[in-house]
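By written order: A, B and C. Residues from 1 in each chain.
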Amino acid sequence: MQTERTLGGGLPPALRAGVLRRLLGQGIPWGSLTVLLLLIIAAIGGETLAPWDPNALNLANVFKPPAWHANGSFAHLLGTDNLGRDIFSRIIAGARVSVTVALYVIVLSGGVGSFIGLIAGFFGGVVDAVLMRLADIQMSIPSLALALVMAVVLDPSFTTVVIVIVITYWTWYARIVRSEVLSLKERDYVALARVAGCSNATILRRHLLPNVANTLLVLATLQVGQVIVFEASLSFLGLGIQQPDVSWGLMLADARSYMTHAWWLITLPGVAIMLTCLASNLVGDWLRDTLDPRRKQR
Amino acid sequence: MKMTRKTIIYSTLAAVLSFLTCLSSAQSVKPATGDLTIAFAAEATTLDPVKYSAGVDTYFIGQMFEQLVRPDPSQKRINWLAESWNVVESNGKAVIDVRIRKGVKFHNGDPLTSRDFEFSQKRLADAKQSRWSHLQASVERFEVIDDHHFKIHFKEGDGSYIADNLHLWAMPKAYFEKVGEEGFAKSPVGTGPWKFVSRSIKEELKLEAFDDYWNKTIRPTVKNLTIKVIPEDLTRVAAFKTGAVDWIDAVPPAMIAEFKKLPGVKTATVVSGNNLFIDFAEHVPNSPWQDVRVRLAAAHAVDVDAIVKAVLFDQGERYVQVGKGGVGYDPSLKPYPYDLNKARDLLRQAGYPRGFDTNCYNLTTPREPNVKEMGEAVFAYLTAAGIRCKVQGLEYGAWINLGRRGRNGPPEMDGVISWMWGQGVPGDPGTPWAGHLHSFVAGKGWGSYSYANDPELDGMIEEAKRTMEPSKRELILQRIGKLKHERVLGGLTTYRPLVTIAWRDKVDYTPWPWPGFWRNLQQIGLKQ
Amino acid sequence: MIRFMLRRIGLGGVSIVGASIVIFVISRLTGDPIVLLLPVDAPPAVIEEMRRTMGLDLPLWRQYLIFAQHAILGDFGNSYRWQTPALDLVLQRLPATILLACAGLLFSISLAVPLGILSAVYRGSWIDTFGKGFAMLGQSMPGFWVGLLMILVFSVHLGWLPAFGHGTAKHLVMPAIALGWYPVAAQTRIVRSAMLDVLDSDYIRMGRSLGTPEWLLVCKYAFRNAAIPLVTMLGVYFAAMLGGAFVVEVVFAWPGLGRTVVEAVFARDFPVVQAGVLLTSVLFVTANLLVDLSYGVIDPRIRHAD
């Protein structure tokens, strides 16, 4: 049920224009895009935007509630924590970390996964069997357990978190690419193309890539939320991002002891996670509904 | 009835006999009755006294096993299983002469004799079974003189024996030989006021008051004790508030103020036996930390009082080298005053006018309440003074491995580390200083977590270890403390954590400091 | 058919063995457990003695063989920390995790099914949007955060439900919700799209033209068919619950397998980590296997692919 590409290569211009039109006609999720934009701005310009240094302690100013509360003040919009650090600045700093982790993870796991899937599908035989068994083994260990153990081995840090999550997610991309390559191998026009003298690289670029790109893009967008939640879980358990980096998950872990004292410490970082995931899910759904030609319009 | 002489004699005898019976029954103890459920925040990993490795393990061991000597509720050392003991010289070598009490029984009825202590000493010295064999290294032989009298002969003086309550736990030789090591660990038998009933790992320990306990006046008066293990702060507090438990050990610092106001609840805040400090990498060549002025600058840069107040909710007692009431305590030593300008000045003098960068390692696992936040605060103060901290958080396993000297590979402790080494209650710095002040000597056990290298202090620490006479030893320790303070070696002392115990009015309880670091239920019961 | 099943089981076995090697090697790389088990001032001689006694001075491959040899017979060694058999510790806590996973699954299905059906039946209306939105929200909130919020509201402020622990149904409510929250969105989508497929089919239309009441058509006939994809995915969802249980158990101090493994990782208690993770892997692989086998039964094409 795939959309066949013409032998000459590439998408026919008409179809390309149609994609854009479809995207625009679908009902752009403005809210989600704004949230994601804000996140990216926070990620890039975070340090200048935040009113306070996220790690600046102020022991005279602990447990200040958010601004709209009776004891709150606009100096600290979202209040302060048990060490007097400004929550708003820390949430912005956390956004930076989350977005950076998500980007690294998606690019790396997408890249590594696709590459492995490509190799497996292309060469087949023993290579394929070994790589797929590797994927099976990995999928049979609960991802959080594997992540925990690896995080301890590699000493928790930003790099470790990225590596650990990439190892967890590469299999998704590998499988998609592999099955595309396998089905491509069966196609007549590929055999014809080879006869006509096209190199492997050209075939891959012209035939594989367009088919797979959409699916990968949709998957990637949907995974942003998942990656952020995974990183938050790791940091919550103490094996993810470490100080002085700020992570929303870490903020939640620190806030646990003060639940009775300061409700804002345990709610606001979670709201940040929620808005980010929501935005990425909505955008992902929008992309999927428009870009993936296999989806029925429902 | 005619009063014959016989009648008078018999009635007098009867009267005297009944009077004596009344007297003796007043001497015999009322048996313990009732049930009590309490909660600990942490639990022991073992019930066998030779296999414990951390203070937490003594929480359970301390209920069932006893030693020769112990500190009483006012932290004064009193004879316990030992009736009397002293240190004598024999052929130029030290000997501890001990006489133990008569009439002490083990939980299984066996009487306590010198042979049991001989067995205990041998077991403690056996590296295959015990984790404390290194503390028995200076013992030459154990001499049993009779059932209640023995002598411990030393190759060389060992001050730690005196400091650590003469080390030996009363363990039943016959019972152990019958059930073996595993049986003993599963079903321990000691001389303590509590008898082992059952244990469910990570959940609870059940104990029963020992009716034949030797001490007739200081003993528990409740029969069945259930110790629940509830590590989560909120749950433990909730269990106490709802009445599921009537005694908890570690009230979370953030809630202590609230607890003190609760009606029908008593609290006791005591100093735990742990000592926290910040240590510096003086051993790294060309490190700024080799300069005493830099270390002094760090000492003046941190406002420990503010940290204790704001981060620890006042649940810490500041100490300078040795805690108050400890052996070697010197009231003339004052804490380094918080003086940011002086700190910056000292850095300038040392050649760092713009400060310098250093790695700062923080423990993130809450071995003590809020230790992570405390570390973050300390490092923030250092940064403010110009000692720019690159903070790295480590969980317990990684932290222990980083701090340890003599490993084969990286990473290296190359900056500042938040560390702790308990001096115990009432407190003796001998063993801790041997570990984090004496220079590191590979293979010998000195300085296993030390970055200092001061031959004068080394000599004094070794001398203190060899000295068994308490007042002589205390003088040596005081001299060490003074030099340690001047040279800022072996770490910058910060505070001793306070622990708050809470119990309902209906519970009759007196806190005993040891064994168990205040989690000791020597005197507990229900009010009638 | 038999060959298909055998092949699948064989692959599952390979996965488990592979998982055991991976976990074995990686956990041994987490650091030295000996130093954590001895008092701080223990001299090197004592440490080396203990290392020798515990067999940790042997080369890695030999350690693995010894481990595998015993593991097959069910002996995972003694926990370093508790000195009791590691497998016992782990098995004792397995029922609690399974209970939690089942409760979580029950919760998510009991939300997903009505939402999916309603969304399909009233496709395009505000009910549909609401259903999709609600599910989407669920997928955006991390389970452990939902758990923390529930504790804040229902335990700390309202005092209706106990904050941690286990024992009664009341203790199960919040952890189950926190765990089952996440997959509701995906499950709702599956139910909805399956229902839409069925509702458009011929025999439903025929039923309609014959005058059968709509609600009967929906609940009885359509749903039965729509349930098939959901049921076949149950295995996968159960496995996902097992994975998600790790964090939820930590948040709620639920005495299950996940929490034990997390603690053991921190304590470098290798035997418990190995036993726990391997056990979970076996459950994982079994659940996925059942799903694959049931697909194979339902859809013969799948048997011959791959």
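Assume a contact is a pair of C-beta atoms (placed from the backbone, for glycine too) under 8 Å apart; a residue touches a chain by one contact, two chains touch by 3 or more.
Fair warning: this is a prediction, and the values are worked out from it, not measured in the lab.
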item: Two chains joined by the most C-beta pairs in contact, as defined above; value: A-C
item: Centrality ranking, top chain (CA atoms only); value: C
item: Chain at maximum distance from subunit B, centres defined as averaged CA atoms; value: A
item: Geometric centre distance via CA averages, subunit C-subunit B, whole Å; value: 42
item: Inter-centroid spacing, subunit B versus subunit A (mean Cα positions, whole Å); value: 49
item: Euclidean distance of C-alpha centroids - subunit A vs subunit C, Å; value: 22
item: Touching two or more other chains - residue numbers and ranges from subunit A; value: 152, 238, 259-260
item: Touching two or more other chains - residue numbers and ranges from subunit B; value: 234, 365, 395, 397-398
item: Numbers and ranges of subunit C residues touching at least 2 other chains; value: 30-31, 151, 156, 266
item: Complex interface listing, subunit C residues touching subunit B; value: 30-33, 35-46, 49-50, 53, 81-84, 89, 151, 155-156, 162-165, 253, 255, 266-268
item: Residues on subunit B engaged by subunit C in the complex (per definition of touch); value: 45-46, 51, 53-54, 127-128, 131-134, 185, 201-203, 231-232, 234-235, 238, 365, 395-398, 400-401, 404, 406, 421, 431, 434-435, 442-445, 448-449
item: In the complex with subunit A, residue positions of subunit C that touch it; value: 11-12, 14-16, 18-19, 22-23, 26-27, 29-31, 123, 136-137, 139-142, 144-145, 148-149, 151-152, 156, 193, 196, 242-244, 246-247, 250, 261-262, 265-266, 273, 276-277, 280-281, 284-285, 288
item: Residues of subunit A that touch subunit C when the two form their complex; value: 133-134, 136-146, 148-150, 152-153, 225, 229, 232-233, 236-238, 252, 256, 259-260, 263, 266-267, 270, 273-278, 281-282, 285, 298
item: In the complex, subunit A residues that touch subunit B; value: 55-57, 59-60, 62, 82-84, 152, 155-156, 238-239, 242-244, 254, 257-261
